[in-house]
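Per-chain residue numbering starts at 1, and chain names A, B, C, D, E and F are given in the order in which the chains are listed.
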Amino acid sequence: MLLTLILAIPFAGSLCASLLPATARRAGAWLAGGSALTCLVLTLWLTPEIATSGIIKLRLPWIPTLGVDLTLRMDGYAWLFSVIISAMGALIALYAHYYLSAQDPVPRFFAFLLSFMGAMLGVVLAGNLIQLLVFWELTSLSSFMLIGYWHHRMDARRGARMALIVTGTGGFCLLASMLIIGHIVGSYDLDAVLAAATAIRGHRWYPILLVLLALGALTKSAQFPFHFWLPNAMAAPTPVSAYLHSATMVKAGVFLLARFWPIFSGTDWWTWIIGGAGLCSLLLGAYAATFQRDMKGVLAYSTISHLGLITLLLGMNSRLALVAAVFHIINHATFKASLFMAAGIVDHESGTRDLTRLSGLRTLMPLTATLAMVSAAAMAGVPLLNGFISKEMFFAETVFVTGHWASRWGLPLAAVVAGALSVAYSLRFILQVFFGPPATDLPRTPHDPPRMMLIPCAVLVLFCLAVGILPGLFLQPVLTMVMRALLGNNVPAYDLQVWHGLNLPLLMSLAAMIAGIGLYLGLRAHDRRVPGQVPLIYRLDGRQTFETLLEAIDAGSARLLSWLQTQRLQPQVFLLVLATGSVTLLPLLPGGWWPRVTLTTPAQWSFGLIWLAGGACALAAAYQAKYHRAASLMLAGAAGLATCLTFAWLSAPDLALTQLTVEVVTTVLILLGLRWLPPRIEEFPGPTPGTTRWRRRRDFLAAASTGALMAVLAYVMMTRPPAHDSIAAYFVQQAWPLGGGANVVNVILVDFRAFDTFGEITVLGVVALSVYALLRRFRPPAETIAAPLRHRGGMPATFEEPDLQAPLPDGTLRVPAVLVRLLLPVSTLISLYFLLRGHNLPGGGFIGGLIMATGIILQYMVGGILWVEARPLIRPQAWIALGLLVAGAAAMAVWWAGKPLLASHTLDLALPLVGTLHLSSALLFDVGVYMLVVGATILMIIALAHQSLRLHRKLVEAATPALTERGP
Amino acid sequence: MEWILALAIGVLAGSGVWLLLRPRTFQFIMGLALLGYAVNLFIFAMGRLRVDAPPVIDPAWADPASYADPLPQALVLTAIVIGFATTALFLVVLLASRGMSDTDHVDGEEHRA
Amino acid sequence: MRFWLQHLPVLPVLIPLLTSALMLLTRDSQRRLRVILGAGALGLMALTALMLVRATQGIGAPRWPDDIGVYLLGNWPAPFGIVLVADRLSALMLGLTAVLGLCAWIYATARWDRAGSHFHPLFLLIMMGLNGAFLAGDLFNLFVFFEILLTASYGLMLHGSGKRRVGAALHYIAVNLIASFLLLVAIALIYGLTGTLNLADLAVRALALRGADRQLFDSAAAILGVAFLIKAAAWPLNFWLPNTYSEASAPVAALFAIMTKVGIYALLRIGSLLLPAGAPAAFGGAWMFPAGIATLAFGTLGMLASTQARRIAAYAIITSSGTLFAALGMPGATLTGPALYYLLSSVLALGALFLLLELTERSQSFGANMLAITQEAFENDDPDAADLSGQAVGVPLPATMAFLGLSFFACALLIIGLPPLSGFVAKFSLLSAALRTAEYGAPTVNVWLLVGAMLFSGVAGLIALGRCGVRLFWVPEDLHVPALRLNEAIPILVLLSACVLLTARAGSVMAYLEDTAWYLDQPDRYIEAVLGQDQHDFPAPAPGSGGPR
Amino acid sequence: MSATILYWAGGFALLCFSLGLGCAAIRLIRGPGAEDRVLALDTLYINGMLILLVLGLRFEAGLYFDVALLIALFGFVGSSALAKFLLRGEVIEP
Amino acid sequence: MTDLPLWAAVPAALLLVLAGLVTLIGSLGLLRLRSFRERMHAPTMGMTMGTFCVALAATLIASLLQHRPIVHEWLICLFLFMTAPVTAILLMQSARRRQRGGPDTPAKAE
Amino acid sequence: MKRLFRALPLACLLLILWLVLNDSLSADHLILGTAIALTLALLTPILRPVRARLSHPLTAMRLAGHVAADIARSNRDVGRIILRGRRADTRPGLLDIPLRIRDPHGLAALACIITFTPGTVWAGHDPVSNVLTLHVLDLSNPDGLTRMIQDRYERPLMEIFE
């Protein structure tokens, strides 16, 4: 329960802080500090229990099917980290309160800080690998937010993004490794995993698992070669650097390595990967730190170096080294955080962190200087400070390394070099800033900050001293508890003491100290010449490399993408055709499907002739479509007629009727559109470019093969005996007895499969609405407005309002108008005829509706839009709506008879004279179809036709600029 | 008959596909129309060919074997209407595209080699 | 109540249809009425979807054998008439559609529904198409509903007009029209070979196909598969998608987040039914996995290569499709449950992202951008819509930027698959299930390929969305706090809370989905339920006049 | 006997009509003017209608009559729309 | 059709043959005549004689077979009669207008 | 009531059409047909403001006979011209014919007759001067043609429609 509280309090605090107004500085700090302190108290409260029972565990179910639970688990190791996190959190809250300026949105800062704290606590308290990962990534995310806190600065944005990408990527690798662990162990529970150490080490996936885990841990801990994000993360406010980037978050990686040390260590893989990375970071970080110009840069690189030290210790496969590593984790957290705080104070007070500008601050801010000096001494490993003890332990470990001569000699040497470098950069850090002549060109005159701001720093320095002087008293019991948590009963014997006697490590220490001082003195010249430039490796700028890499990724992916995709339609269609063709052919490749027994209907000459003409027309339509649009339209119409005749010939009268009417309406529709297309004069006959020729050939091949494929498929299918128990037989048999109609097609449409029809009329309605909506925003092409209309078929150049009262149009259209208007009642009658008889004979709602619509379109053609619309005729939109509603009503009427939707229902009315009248819901449904088809067709055609009006208005407006009111 | 119809379907489909691969919107819409015929005939052909056997039944003699398969016909009917609707929509879209981009290229811009 | 319950499976289709018809009787200018109607319809649809989800779990009022609701339209027995089938998968998708649709619609009522005519009817009709496609138990009926949802999507895609949008729509429509042809050809072939259109019946009859018939059937299925793969945006058939999705108006793009999933649903459904007969290549067979990996890689590449936020979101859709393909293409049903979870999470997240991005763009440079959008969207010739631009400005809500920023952050987490939201759970569960398949004999290479591709896509998402977020929220000096309406903020909040809920209740959701997957792996139940359904004889509430049939 | 006579006569007529259809198709393809094409299309429709009528006679089915009727009624719509387009530049004027 | 008496079958057959020939000649005219205006006249043959003859034959056969007058084929003639001028007038006008523009009128931009 | 009366001729025509279409004289078709025909006839004037007045049915019958005979004859003539092809020394050309008939329906009927007769096509009509322009395939006898149209067609049409 207390564990839940420890985890929940920071998050709750974060939520509260985020809700605070932007000006609530003090409240935010109190909230953060209070939460951290509460956590600390709670953790300490648990100490006795941890000390006695070892582990406290709490399990809440989350996704049981995947074996993921929320397990909170605190052992000695987790306890140690909880204490560090919460204690540092409290100190940082205090420090940050003074550090942040009035312009900053302080509550937001504390909200992120607290959420980070919660996440970090979550990482250490996680008893389930996946849960650990969740919090692990949360730390990355909150770190991202905190680094980017001053997001108006570019370095902050860059640093934040870099940190996020590097640690996030590591997180994904960690996820993979956790998945593999879970796969091997069969559980994500930490205890189960720890118990399965041998199984994991022996598994064939162990190497890849280790690599992935190392990627996760090393990125998080900023280890070589992923160290570069840490210096860039220094764009964060200093409290963040002190907290996340020295004391806690970067420790998550080594936390994890130590946590899994019992499982993974002991193999060569482990040594090489972890130890190698640690060694590189140790040396590289120390080397780079020596030359940094930015105070925080020095600290960042030294952090890399120290974390490298810890990693190296972990990679040494020795239990004593593990002890040293854990010990150094504690020490590093204290002295580095205090150094960061000091650096932050200097920055805050003087306005700069540039080592070349700062000088002689000792006199101006003595308290800060003292604190910084002590911490730096701890960092350098000066005796009587905690850094010394852990360094001694490290030296001792390197001495005992066995194995290859290179590692036997190289490791101690490297240790000494690193020690010397750390002395050098610590010296430089202190001497440059606090000694020497007082600086004069600082942005602000520095002085000691308020006392309260110094307190966190002081507390940490005190801790350094205490541990450094009496390590056995302060840390021995804690360390033992931690080690028991990590190693169980295999805790090695060790002794934390300042003085172990004169031994090799001490000599190494001394050598490092002397070498460091010498190095500092020797490098001053270089430092003055090119301040901040790291010799030899300055070209290996991690940030630059990273940015270049990112840009390369962006550019490379853009290039690859442009190669892998296209924005143009033609290649897309080509690909589509190609894909379809090939996948269709694939199953047919083995052969054996060509019909052997052919059931052919005897061929007819006339039929062949029809298709000779139809096919030729289709080809010609394809050929003419570019330059002779109207011709192409007519030719396609001829092919359509051939289709219609085919339907009729081959026993599909309904289809023939529909095809014919649709054909007519489509022709009118496309003709209405043609006028808006640009004139296309046949290009001057010249040599066609080779690419074009090639493309045409390719397209021709694709088209021809598609045609051939379709033809073959059609032929094979037609000559194949029909499926023996096709559902069609049922329709034929039951159409009359159950469907009450003789025209099976119509019965299928309005009864058996009426739902399809319902959907289909909906499609028609939807299209009509879309067309209407789109055309409301139609814009006539520029040149149709610019060029006088005379060139386009003799329309008047100016717009004359047609005479709406004239009974007949003048001119050529007079005689056609007489005839066509006479045709309207006739066509309406015929449409009703086709509608009503549909159930028994070819016809039905579609055909009827299209006939009716054609009749009305004809009126528009001879009468003109305005003339026709001056008379109350039809509201297409309402017809669409009514059509849907009528069809719906017909479909739903049977509900009240206890039948499902669309069941047909007949009502027999006995009428005098007539006899019984069959009123079938299917007929009503067909009436709905009829109405919708009429409405939709008319709406589309008329909407398109109305664009002429729009153009005319534009022309009128263009002609008479004064007259800009809209027409009726 | 079968081979004639199969060839017809092939020719229609081939012309349609050729047009679909062309760069002008009008060519595309004609391609849709031609391909539409081909597809409709193809669906229709799946019911196998019958001459003089329209599925308008004599109530007394509803033997499935003596009538053409009505189901593909119903499907084609639906397909014709949907094809009509989509042709109309595509037409309007191409007009809108033409009005806004001042070109009738399918990509809304001219590609000059 | 009981009366309505017995018609429950058909209501998700009927409600939007009739409501949109009613809307058409009103004028476009009677917007308030349309909004009320729309709210009612969408609310009812959500309610229906909820009841269906409960019913298919065996909880709640209509009790169906095997918890599969079969509705015989026209009361024709199963292979002959059309059936609607509501099983767990359908109900799940219906629920998802309802939530997403409701949110996108609410968002649209703030502004977008006035950017052109007939937004509300078209929106309802696309919902109808989606619902119908998820319920269809008949191949041709599935096609019809695909057409409804596609045509409505064309209309909605064009909603608001404008050059770039129309250009993108042209491609979208062109490709989908061709896909529709393919669908038709494939359905015709399948009918010609098996003599049936009913999916359950097809599953039975496919078993009996031998030799040449089977070869031809595989060809037909391949064409069908290509058609669905186009709709589901598989590489290399998905080049239309980035433009389309990034140019569509925000609520439409948000709703489109589920459009690609319809294709995946169809593949899953048909693949599941054809499983006993040997699933054809596209339906969980040989190509699905490679297609998935290719799509995933392509989407990832696209996210990396894009600079514009909307395009990143569009490529994220492709990535999610690819992930789903690859997951469903792995052998066995182990990955189906997690894949469905991933589907839920990614649809909700992408929907929220599309809504969000528009608001964010509004914050960039208020003056220029907003005006441009408004002019583009509201330039209209009819006087009643001309002066709406003034109203389009909302009230600045407090903490707008924080809200937008956090929402974007949450969306990014969901899409990348970073903890703690459901994106992570989805990714994790998919990967862990993928590793589990290695035990059941899936090729190890495939497992590693999937794991690697998914993790890499996560990294790429991190890079791309990180950059995008930094650009949107951190770079601009003069971030203008956009005027936000409550009904623009609430949908985003709802979608994200849904994701949070998915995360918090991951255990029970996952259990439900695993059950769904299990049912999908056992198509016999579905087939029995459909083919064994007796003709309905619902207890009539009132004596009907005349005898039914 | 009479059936045979009619069968052959019908066959002959069908052939003639299809040949006529072919002629019209040639004119339709060759042009040269747009008007020629419209005229050819019109002829095509007439020939098609006649084919249907003869088919109706041959198969003794009234169903063909409906299609022919519709061609007679609406066959002209397409061609007159085209003609009007040629004449006025647009099919439906304000 | 076997029930049909020979005296009716022969004229009906002749009518059909005549219709076929007339229509074919008309359509042939479309190819053989030189100018558009001349060609305008040719298809009318099929529209008139062809349809008349077929309708007559149909009426004859159907009436005899069904033992009652069947006249609905004549509706086709009626409709053709009613609708024929519409296209013709428009086409002629279009052709005349174009000719007036002279042979060097730029190609129509259809 | 007056409207109903005026709509009657058209309604009758439509009813006949309906019955012919349905090929039936049964009671239900009669009733349905009457209803539909009446409704349509009543609704039609909305879009058809000019009404035709018909009289002299006998003249109409005679005219129909003439037209049929002329069509047959000109079919023969045109067929011959086509078959002769380039050898035929026909002189196609335009012919102006002054008309007296004014009624639009009469003119329309004349147009139908002229167009329906092979060999002659309506090529234009000037409403002001009331001159009809014809295109004639074989303009060997322009006067005869003018007379034929004026006497054989125009006069009966005027009788019928005016």
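By our rule, a contact is a pair of C-beta atoms (placed from the backbone, for glycine too) under 8 Å apart; a residue touches a chain by one contact, two chains touch by 3 or more.
Remember, predicted model here, so these are calculated numbers, not experimental data.
A.B. asks: Following contacts chain by chain, what is the lowest number of steps it takes to reach chain C starting at chain A?
C.D. replies: The least step count works out to 1.
A.B. asks: Spell out the chains that contact chain B while also contacting chain F.
C.D. replies: Common neighbours, chain B/chain F: A.
A.B. asks: On a C-alpha centroid basis, what's the spacing between chain A and chain E, in Å?
C.D. replies: Averaging C-alpha atoms per chain gives centres 67 Å apart.
A.B. asks: What is the distance in Å between the mean C-alpha positions of chain B and chain D?
C.D. replies: Chain B and chain D have C-alpha centres separated by 21 Å.
A.B. asks: Between chain E and chain F, what's the gap in Å when you average each chain's C-alpha atoms?
C.D. replies: It comes to 16 Å between the two C-alpha centres.
A.B. asks: Indicate the residues of chain A shared as contacts by at least two other chains.
C.D. replies: 567, 569, 573, 604, 607, 614, 628-631, 633, 649, 653, 674, 680, 710, 713, 717, 722, 726-728, 731, 753, 756, 760, 763, 766-767, 770, 774, 777, 792-794, 812, 815-816, 819, 822-823, 826, 830, 841-842
A.B. asks: In chain F, what residues contact two or more other chains?
C.D. replies: 17, 21, 23, 108, 111-112, 122, 124, in rising order.
A.B. asks: What are the residues of chain D that contact at least two other chains?
C.D. replies: Residue numbers touching two or more other chains: 14-15, 17, 19, 21, 24, 34, 38, 40, 63, 69, 73, 80, 84-87.
A.B. asks: Can you name every chain pair that touches?
C.D. replies: A-B, A-C, A-D, A-E, A-F, B-C, B-D, D-E, E-F
A.B. asks: Which chain E residues qualify as touching chain D in the complex?
C.D. replies: Touching chain D: residues 1-2, 4-6, 8-10, 12-14, 16-17, 19-21, 23-24, 26-28, 30-31, 36, 39-40, 42-43, 46-47, 50-51, 54-55, 57-58, 61, 65, 72-73, 75-77, 79-80, 83-84, 86-87, 90-91, 93-95, 97-98, 108, 110 of chain E.
A.B. asks: Residue numbers of chain E touching chain F in their complex, please.
C.D. replies: Within the complex, chain E contacts chain F at residues 22, 25-26, 28-29, 32-35, 37-38, 40-42, 44-45, 47-49, 52, 70-72, 75, 80-82, 84-85, 88-89, 92-93, 96.
A.B. asks: Could you please specify the touching residues of chain B with respect to chain A in the complex?
C.D. replies: 1-31, 33-34, 37-38, 40-42, 44-59, 62-64, 67-71, 73-74, 76-78, 80-89, 91-96, 98-100, 102-104, 106-107, 111, 113
A.B. asks: Once bound in the complex, which stretches of chain E touch chain A?
C.D. replies: Going through chain E, the ones touching chain A are 79, 82-83, 85-86, 89-90, 93, 97, 106-110.
A.B. asks: Report the residues of chain D in contact with chain B in the complex, numbered from low to high.
C.D. replies: Chain D residues touching chain B: 59, 61, 63.
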